[in-house]
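Look for chain A in each of the two complexes below; its partner is chain B in the first and chain C in the second.
Take a look at the complex of A and B:
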């Protein structure tokens, strides 16, 4: 019995991936370590991100209609397969908690300084739990509306800051050591593009599995191009100050002032974060809940939605001591920590499946 | 604070448990109970002011320490 009866189209998958990649990156500008060359780091990172997407979509194409947990059981057997699945579920769970943490830190620093962090976390989690309960179809339909609005808002913000842009701020190009550029681009490939590996738990529900890969590529590519545009805009507006700010996209929108009438538009950026972060948390949350239900062979994943959500809120509350540690992890630890989950598990599983000549037609699975 | 935590967890249990018992989904009930109990213990610890080790910081320090970054 399948735990998820919903089906999504390849177009919905693309849009959901765009929302997922925007997630926290609307507010935590990727590639910031490269200063005004951030756009170049994102472009290089996008290339590596597409390579990561190629690997995990190759695995999904090899085992059509199966989630990573089911694939692991087939390829490695029950015990080792479940062990690897639990590691991947931990990654999804941790990813959701990290985004929740970013989310609540941003809201606490910029919008609701007097509101307890626990309350914002619980409210966000309840919304995500509700969407996970309703299944992947509902999440995909939401993405069509909210991602379109976010892209429109990003265009609106960009048009309004055009008078404040100075493209000379992007010069000189390649001002940083090549090693630092490559490291930053790798960090960008991992976060946000590589995080799309979470879709290994979703690709099984695409109604035309053969279109899954092109849908993932389109989603990653469009999100990457928008992020490059945002990076160019931020660098052109903020200049040398760009790398100093914690949330440059938010600060860039603060510059907007149309005849003293249209000001404080930065709240639009906050809305973008809240809606896109919702997708990233929900997809990671959905993957973790569905994966755990499959590992324990449950008849429905719904009973464990709330307990997992509570544990995610607890991890989000306690996982780092302060914002500086959070950014240190994002820039240094995270690009290495995620390699086993984003690259090694899908690649090794694919190679082992090819060596074992799985899936066997008419055999244990087809 | 602890009373609020207990009320919250009690509500979650009240929402889920009757349905699971009615359907006789014991495996699902066990899974739900274990996870909820873990959440309850950790929540009570937080509300009592007991510090829980920051997992992400530990992971970051282990990785950067191993690689000498």
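Take a look at the complex of A and C:
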């Protein structure tokens, strides 16, 4: 009996990936370390991100209809396989907690200064828990509506801010040392593009597995192009102030002023953030819960949804003590910390599987 | 199943009570809405004085709505607004002291204007800029002005048609962009210039003039009358009317406005400019190319309006524009403050040479050769095409 009976189409998968990638990148502007060359860092990062996507989709294609946990136990055997799976589940769990944490910090600073973080976190967590409970199908259907709305709002924001743009702010191109550019682009490859590796827990449920890879590529590419557009817009509007602000996208929306009437629309950006963060948290949450249920051979993953959610909230509340630390980790620690999960685990598993000539014909029962 | 539905229903009723987000809401009549914020620093003691001009919402409504008692309230200029200041060792110290004796909570989201006292500006406004940007309740597009004297003096003057002085002045500054005389500077623009490696931040200056009032008394009014030039966060000088106009020509900020040349007045229709840097053997040459079109508003001579005459007028305009730009260039070189952003244009074009140039920019800037190239065109001559009076 399968833990998840839902099926999603490849188009839904693309849209869900777009939502997932937008997730926290609406708050932490990717490539900010590269100043006005952020768009270039994102473009380079997108290339590397597609490479990461190529690796993990290759693994998913090799084992059609299997999640990473099932693949691991096939490839490495029960004990080692489960150990690696638990490592990966930790990554998903931690990812969810990090996004929750970004989320609550942003909301506390900009929108709800008096509301305790715990409350916002619990509310978000409850929504995510409910969507995880209903399975991947529901999440994918939500994404169709919400991602479309978000992209429309991003376009709307951009159009309104055109009078405040100065494209000279993007010159000179390549103004930072090449080493720093490469590091920043690697950081953008890992976050937000590489995080899509979480979809190793979801790709198994695509109704046409052979279309999975192109769907992932489409999603990553579209999200990347939108992020490049956003980076260009932010740099053109904020100029030298772009790297200074903690949440440049939000400030850019604050600049909007059409005839003293259409102003103060930055809350739209906050809405985007809340809806897209929902996808990122939900997918990571879903992966962690489903993976854990598979590791322990549970008959249903539902009983562990709430416990995992509570732990996630606790981790989100305690893992970083302030925003400076959050950014320090996002810019300096995260790009290295995630390499084992995003690149090493899928790549090594794929190589071992090829060496062991897995899956054998008729190995479906294994 | 029935029981479960009932449970969900109860939850749906209870949850909104707790999470609807209004548990710490503050009603309008408990707020003191700040419309303008003044920042003064005592030159001797370094004490910071914040001046708050707050709006009393109920009073504004009365003044605008019913004409009956509205007129009466107009008589007392400081009725719809309240002016208060407090002094402390830093911005937040002063704010703290203010909040302690205020009966209402201060609300900054609708601040229109930051007014910096001149002596504060000369001592450096970095603490002010930081405290503004760091606090999320402040918005990036609030206007900045430097007051000729103390910020408090400006905020206490009732001028113009608005009952809220700071809002009136903000509207005045925004409208003045149409006449392209002095720069309009928001907090964001100021900070962008501050962060640039060489460009000098700017802000318009506001002074106080005295005019004869309706009853023979003298009335104080505020006037924008110059451009404050900063170096880093310290004000080092100011540009006068001509120099400010010249600056705007060069940085492509002229929208509309009037141009007065000997014998004729013209209205600027469009204007575009470009700063083109050139680097030859370590020497920087800047070309400012200005392209202007105008309509004839007034011609004081008696010549036939012919294309000859228009060409003369075009030449006259070009001379006038060049004079204004050169005045600004000379002043800025004398102050050694790169108000035009020449450094940034050089940086954009000569990326490799820039690190060397940047280090010596202080020594380079005063001796940069600036060439102004003006192309002008007169579009329309108005409804008459001959002189009204013959020689």
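Operating definition for what follows: the second predicted complex is superposed on the first by the 362 of 366 C-alpha atoms of A that agree within 3 Å, B and C clash if a C-alpha of one lies under 4 Å from a C-alpha of the other, contacts with A are read in each partner's own complex, and residues count from 1 in each chain.
Just so it is clear, contacts are C-beta pairs under 8 Å (C-beta built on N, C-alpha and C of every residue); 3 or more make two chains touch, one makes a residue touch a chain.
No experiment lies behind these values; they were computed from the predicted model shown.
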Task = Return first, second, both or neither, reflecting whether A:6 touches chain B, chain C, both chains, or no partner chain.
result = neither
Request  = Return first, second, both or neither, reflecting whether A:172 touches chain B, chain C, both chains, or no partner chain.
outcome  = second
Inquiry  = Just checking: does A:123 make contact with chain B only, chain C only, both, or neither of them? Give me first, second, both or neither.
reply    = second
Query = Touching A:114 in the superposition: chain B (first), chain C (second), both, neither?
reply = second
Query = If you stack the two complexes on chain A, which partner ends up touching A:65: first (chain B), second (chain C), both, or neither?
reply = neither
Query = Is A:255 in contact with chain B, with chain C, with both, or with neither (first, second, both, neither)?
reply = second
Inquiry  = A:321 in the overlay: touching chain B, chain C, both, or neither? Say first, second, both or neither.
reply    = first
Inquiry  = By residue count, which of the two partners contacts chain A more extensively, chain B or chain C?
reply    = B
Overlapping contact positions on chain A, where the chain C interface meets the chain B interface = none
Note = Note: in the complex, chain A contacts chain B through residues 94, 98, 101, 292, 296-300, 303-304, 306-308, 310-311, 314-315, 317-321, 325-326, 328-329, 332-334, 336-337
Chain B to chain A touching residues, read off their complex = 9, 12, 15-16, 20, 25, 27-29, 31-32, 35-36, 38-39, 42-43, 46, 52-57, 59-61, 63-64, 67, 69
Key: Touch list for chain C against partner chain A, complex   = 19, 21, 24, 133, 136, 139-141, 188, 191-192, 195-196, 344, 347-349, 351
Note = Note: in the complex, chain A contacts chain C through residues 109-110, 112-115, 119, 123, 168, 171-172, 174-175, 238-241, 244-245, 251, 254-255, 257
